[in-house]
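Chain IDs A, B, C, D and E follow the sequence of writing; residue 1 opens each chain.
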Amino acid sequence: MSRLSVFMVAVLGLIVASFASLDLQWSQFLSLSAMQAMGRFVAEFFPPDTQPAFLMKVGLATLETLAMSALGTLLAVVLGLTLAWPAARRHAGDWAPLRTPVRWLLNFLRSVPELVWASLMLISAGMGPFAGTLALGFHTAGVLGRLFAETMENAPAGPAEALRTQGVRPSLVFLYATVPQVLPQCLSYTLYRWENNIRAAAVMGVVGAGGLGQMLAFHMGLFHMGKTATILAAMVALVGLVDLLSNLARRALTR
Amino acid sequence: MSLSDQAQSLSQPALKDPAWLGRVGVALFMVVLLWPALVLTEFRPWQLWDARSWAVTANFLASTWPPRLDAPFLWELARETWRTVAMATAGITLGWLLAVPLTLVSTRVLSVSALSGRMAGGAWLLRQGVRGLLVVLRSVPELVWALVFVRVVGLGPTAGVLAIALTYGGMLGKVYGEILESGDTQPAESLLRNGSSRLQALLYALLPQNAAELVSYTVYRWECAVRSSVVLGFVGAGGLGQQLDSAMKMFAGGDVLTILLVFVALVALADRASAWLRETLA
Amino acid sequence: QQVLRVTAIPDEAPTELARKAAPLVKYLETKLGVKVEYTPVTDYAASVEALVNKKVDMAWFGGFTFVQASVRSGGKVIPLVQREEDEKFRSVFITADPAIQSLADLKGKDVSFGSQSSTSGHLMPRSFLLQAKVDPDKDFHRVAYSGAHDATIAAVVSGKVQAGALNISVWDKFVADKKVDTTKVRAFYTTPAYFDYNWTVHADMPQALRDKITQAFLALSRDTAEGKEILELQRATRFVPTKADNYKGIEAAARSAGLL
Amino acid sequence: MNLLLEEVAARHPAASSQLPPALGPVSLRVAAGEQLAIIGPSGAGKTTLLQVLACCLPPVAGHFQVSEVAPWRLSRRALHRLRASLFLAPQTPPLPPRQRVVTTVLAGRLPGMTWWASVRQWIKPAALPEAHGALARFGVADKLFHRVDRLSGGERQRVGLARALVSPARLWLVDEPLSALDPTRARQVLDALQLAARERGCTLVASLHQVDLALSCFPRIVGLRDGRVMFDAPATNVTPDMLAALYAQHEHELHPGTAAPADEPATPASPAVVAMTCR
Amino acid sequence: MNLLLEEVAARHPAASSQLPPALGPVSLRVAAGEQLAIIGPSGAGKTTLLQVLACCLPPVAGHFQVSEVAPWRLSRRALHRLRASLFLAPQTPPLPPRQRVVTTVLAGRLPGMTWWASVRQWIKPAALPEAHGALARFGVADKLFHRVDRLSGGERQRVGLARALVSPARLWLVDEPLSALDPTRARQVLDALQLAARERGCTLVASLHQVDLALSCFPRIVGLRDGRVMFDAPATNVTPDMLAALYAQHEHELHPGTAAPADEPATPASPAVVAMTCR
């Protein structure tokens, strides 16, 4: 407990030091004119651009973003699960020899931001959405691998323990006891990462993978506020859709 | 059908799994959905084995060695690292302050009215409203938020920190809620049923089970904030992300490697902290 | 003490921009007697928003960004000075592909611009492409926005894209410094001249200060050591006064290209 | 607190709608301060009935009242206030792992506490004597500072019950409180529970599988089967025949005729032997 | 399979080292095919003993053998193979929520299956008749396709036991298999379990709180208290005095002198009445 308090104090210290060293300008933020300025900026977004031709373009870009993020996430799930398994200490007596190296690999995969993965993939896969998909896949694999591994370590041990004492192979213990327990959490992490990837596909504009991201950067940079609003609406709708999906899936699993 | 009839039909040799058809259907549906995604993303993995692209990749990777280690660069990197860490910490702290109340409002297990199976109308509306707010907060990219704030607070870290706070508030709010809901909810329900309040149920039933998960997710998010400091550069707040971005654009391999090493070190540090916290809280 | 807040559009790597700005900042501080604060940003729009909302006092803009600022502020920004070179600025198209000899050859290729808000890296090249009956949105295989001129060179050199369009002064500098292998990468088209970069302030700045700033820039000359250093870093022979009307052409080009 | 059920039926939200409701129409009247045992075969609906009484599961039909008010007609606030006077101890004690016994027990006091007091108690348990006293009544006082997931099955169960003793509730609904206990401790726990309920004037409704204990300790027995009340009688009027009929096995349970005694018509565990009387 | 324990002691890894080991030195010898009941007060160490027998918990002292081999001296592979012939049914059935009964039951067959077959079975349950048969023996065949977390307490417990019937194990260790069952179903389940064990020549070790059932159905009874064997005798030799001593309460349990019968020396639940004999 005392070690925990030391840690808490350290965290508090870090927070205080951060705020102190940054010299943030709250005073400006709280004035009335500030609110007005923000309000004016937000007001510029209206009305959104709803010309059919532009809507078509946004629709296409939405599909491309959806495809890129979904496929990237799928790749990440496959890779992440494969890596999470050796990276988790599944029970108290688990020797888990690969744990440390695999964790380092996962750390590395996610230390490299999507953008850098994108530039790397771009070199090897050429310009286009495929590079973006791979980039999302690699980075997200590192993230999901770690989150999955921790979820597995956190799951109540009872069911797995019961099968293990029966001499069931680890991979099957995983299927029959761990999966049903961790499925909702893993699914929610996956869907949530998918959501994240929809946003991250925004940076993929640089690699010439179009999608909403590139359109957003383009129109936002040119202050086409109406168009930007339409694109933002499409992004909110996409994320909302995935959120809904995630909710339904969880409901179906946990009810 | 009487119970014994049912038993009769069940004990017949041709026992059928009622869920099987549905599962096959869902699997097929997934495959059908996958196809257009493969087309749209121009999924052609064999391109990767093309000799020319191998050569280019190898070239770039070779150019990253040796990492750039001259003193001024390292010194600047150290300064940028602290700035990044400070901004990430400040952003996460504000985001956390935003997320916690929203989580409390939107978590279903903590809903008193949901105890009876269905949530009451008002509570349901409020919950949907908060969830919608969380969706908007996290689906609008940091850049857009940053531009909103630049108008008010000018160039510098404030706009970036606020942008991070809003997006990450949206993310934390959602994920906290899902973590709380996906564990064993019995203890919390039991407390609520006996008349405890929401906060009491959170403290006495949900936190002991989920503290480790919540903490490690928060640490992970901090790590993400460090990485996403590239957006901070947009509004003139500097940061490691921006350095990496420009080094990458310039194909300055040595710089890229050094900065990546810093990232790996920060991430490993966060990982250690998270692992340690999990052990301590478990 | 009064502070003059300054920023610049990120048409080059931020570290490079900061290096270029340092002696100029020092010079302005001594000349104006105020503290000058330079903030590098990496987003064009952020610099525009900052000046329009008077969160900075002075900004280094491209022609197109100036037009954007002017439109967004309702004409409440004033261009003070520009480099002599900016009166007849040009862009170049570069490639590493021997088959590409003219703008028409670019059809079906991957092409990189700089930032979408860049004048010399996007607006004018696009405008001249359109004049040459090449529509980037339809005729190119893929359009990328590298974000900055030097990044465009890097993208072409690495083979990421087959061609790129950028600011001629950056290209000349890269060639002069031998930072690029001209046997592999070459410029195959240079655009006609147009007005570009300038230093812009917001209209609420007192006339006296505006004049002082203008004078300080105009006084820079290659004869003094300090002036030489600054002008070389800025890739300028000297600074000359400018006015908003100079950028009408850019505005028209932007409107016809559908960017404004 | 008194209870009134008239033709109440209840169904689990997740149950398939083709099945009959888990709790068929049930009518029951419990006076304040009464002590009542519910017995019946596995799957009879005992847990479901207790959930209805605890206002967890809204009835799908019938009329249900707790101390003169119909809880499901109340506003949400009022219902929640009402809940503070009910205590349901589920069949498997819902104790969060990693929590200490003292915190778990003191969680029973929450309904009456202010916000601040509960945060303070969470950080540093107050009212230790109270928690200790409650545990001591059940003979597990020595586990006060242990972690919940390091207790034996019977210890866990008793810790779960100790919550009832510290709670401000006036109606205790305990679901199979003795399932993990040996005969002596079962008797002791039941005695402690009944005594505490009498001391405070609480109504006590318990579901039990130990027929002999139910008959010897509870004045009134309700027999539940297939969601219906088969009998509701003073303990002294319950005959072995009634018990035999209550626990008799369904044909579908016996069907495969392997080990099940298909020929013998279900022998209940000698409930007639009321060797021990309750103090 | 036979078992041999000589002065074996065991301690839970998380237990504080100041406490005595949960299982004090115990010596025990069980022949292949024998059926044995372990009884004792709550916290006596029954569960701990079963865990040691199931090779979950390595003993901290003494000598332990399962069918002539010392499991903790085996290589990991061999230990793993040995485990396939053991089956431990824990006190609270460890059934993953959201799983269907059929999958849960068939998980018992895994030790004997190839990897591929088990993955196939995970996707689409095969061997339905086998699962159905196992459930039918315990009277819960109609729950085959239900979800585990939607069962009543007693149904869950029986589903957990049905796993034993489909498993290839030769040693069944069942921890309080009857705790959530009514007398009739308890008897039926015990009969089914004992019959199945006899049919297959399995050794059966069960911990029980139902003293009467233990005495009437098991030929041999081991009384455990405070981690030590108090008696190990044929059921017919167990006297009420022995039982009274076994279940007598510790002074610390009685201490606060509230409801506990401090004067009366613990009356066990009439174990002498062996009204029903086991078939």
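Operating definition for what follows: a residue touches a chain if its C-beta (ideal position, glycine included) is under 8 Å from a C-beta of that chain, and two chains touch if they have at least 3 such contacts.
Quick caveat: nothing in here was measured; it's all calculated off a predicted structure.
**Student:** Find out how few touching-chain steps suffice to connect chain B with chain E.
**Tutor:** 1
**Student:** What's the overlap between the neighbours of chain A and those of chain C?
**Tutor:** B
**Student:** Report the chain whose CA-based centre is farthest from the CA-based centre of chain D.
**Tutor:** Max centre-to-centre separation from chain D belongs to C.
**Student:** Indicate the whole-number Å distance between the mean C-alpha point of chain C and the mean C-alpha point of chain E.
**Tutor:** 81
**Student:** Roughly how many whole angstrom separate the Cα centroids of chain A and chain D?
**Tutor:** Averaging C-alpha atoms per chain gives centres 45 Å apart.
**Student:** Go ahead and note the Å separation of the Cα centroids belonging to chain A and chain B.
**Tutor:** Distance between chain centres: 5 Å.
**Student:** I need the residues of chain D touching at least two other chains; which ones are they?
**Tutor:** 13-14, 92, 97, 250, 252, 255-256
**Student:** Check each residue of chain C and list the ones that touch at least two other chains.
**Tutor:** 43, 45, 53, 146-147, 158, in rising order.
**Student:** Would you pick out the residues of chain B that each touch at least 2 other chains?
**Tutor:** 3, 6-7, 11, 56, 60, 143, 147, 151-154, 156, 184, 245, 249, 281
**Student:** Applying the document's contact rule, which stretches of chain B touch chain D when the two form their complex?
**Tutor:** Those residues of chain B that touch chain D are 3-4, 6-8, 11, 112-113, 115-117, 120, 123, 184, 186-187, 189-197, 199-200, 203-206, 208-209, 281-282.
**Student:** In the complex, go through chain D and note every residue touching chain B.
**Tutor:** Those residues of chain D that touch chain B are 13, 54-58, 72, 76, 80-88, 90, 92, 94-99, 103-104, 107-108, 110-111, 113, 115, 118-119, 122, 167, 169, 250-252, 255-256.
**Student:** State the interface residues of chain A toward chain B in the complex, per the touch definition above.
**Tutor:** Residues 3-4, 7, 14-15, 17-19, 21-26, 28-29, 34, 37-38, 40-42, 63-64, 66-68, 70-71, 74, 103-104, 107-108, 110-113, 115-116, 119-120, 123-126, 128-130, 132-133, 143, 146-147, 150-151, 153-154, 156, 184-185, 188, 192, 195-196, 198-199, 202-203, 216-217, 220, 228, 232, 235-236, 238-240, 243, 246, 250, 254.
**Student:** Given the complex with chain A, which residues does chain C contribute to the contact?
**Tutor:** Of all residues in chain C, those touching chain A are 43-45, 48, 53, 68, 71-72, 110, 112, 115-117, 142-147, 158, 160-161, 259-260.
**Student:** Provide the residue numbers of chain B that touch chain A in the complex, in ascending order.
**Tutor:** Chain B reaches chain A through residues 34, 36-44, 47-48, 53-54, 56-57, 60, 82-83, 85-87, 89-90, 93, 131-132, 135-136, 138-141, 143-144, 147-149, 151-154, 156-158, 161-162, 171, 174-175, 178-179, 181-184, 212-213, 216-217, 220, 223, 227-228, 230, 241, 244-245, 248-249, 256, 260, 263-264, 266-268, 271, 274, 276-278, 280-281.
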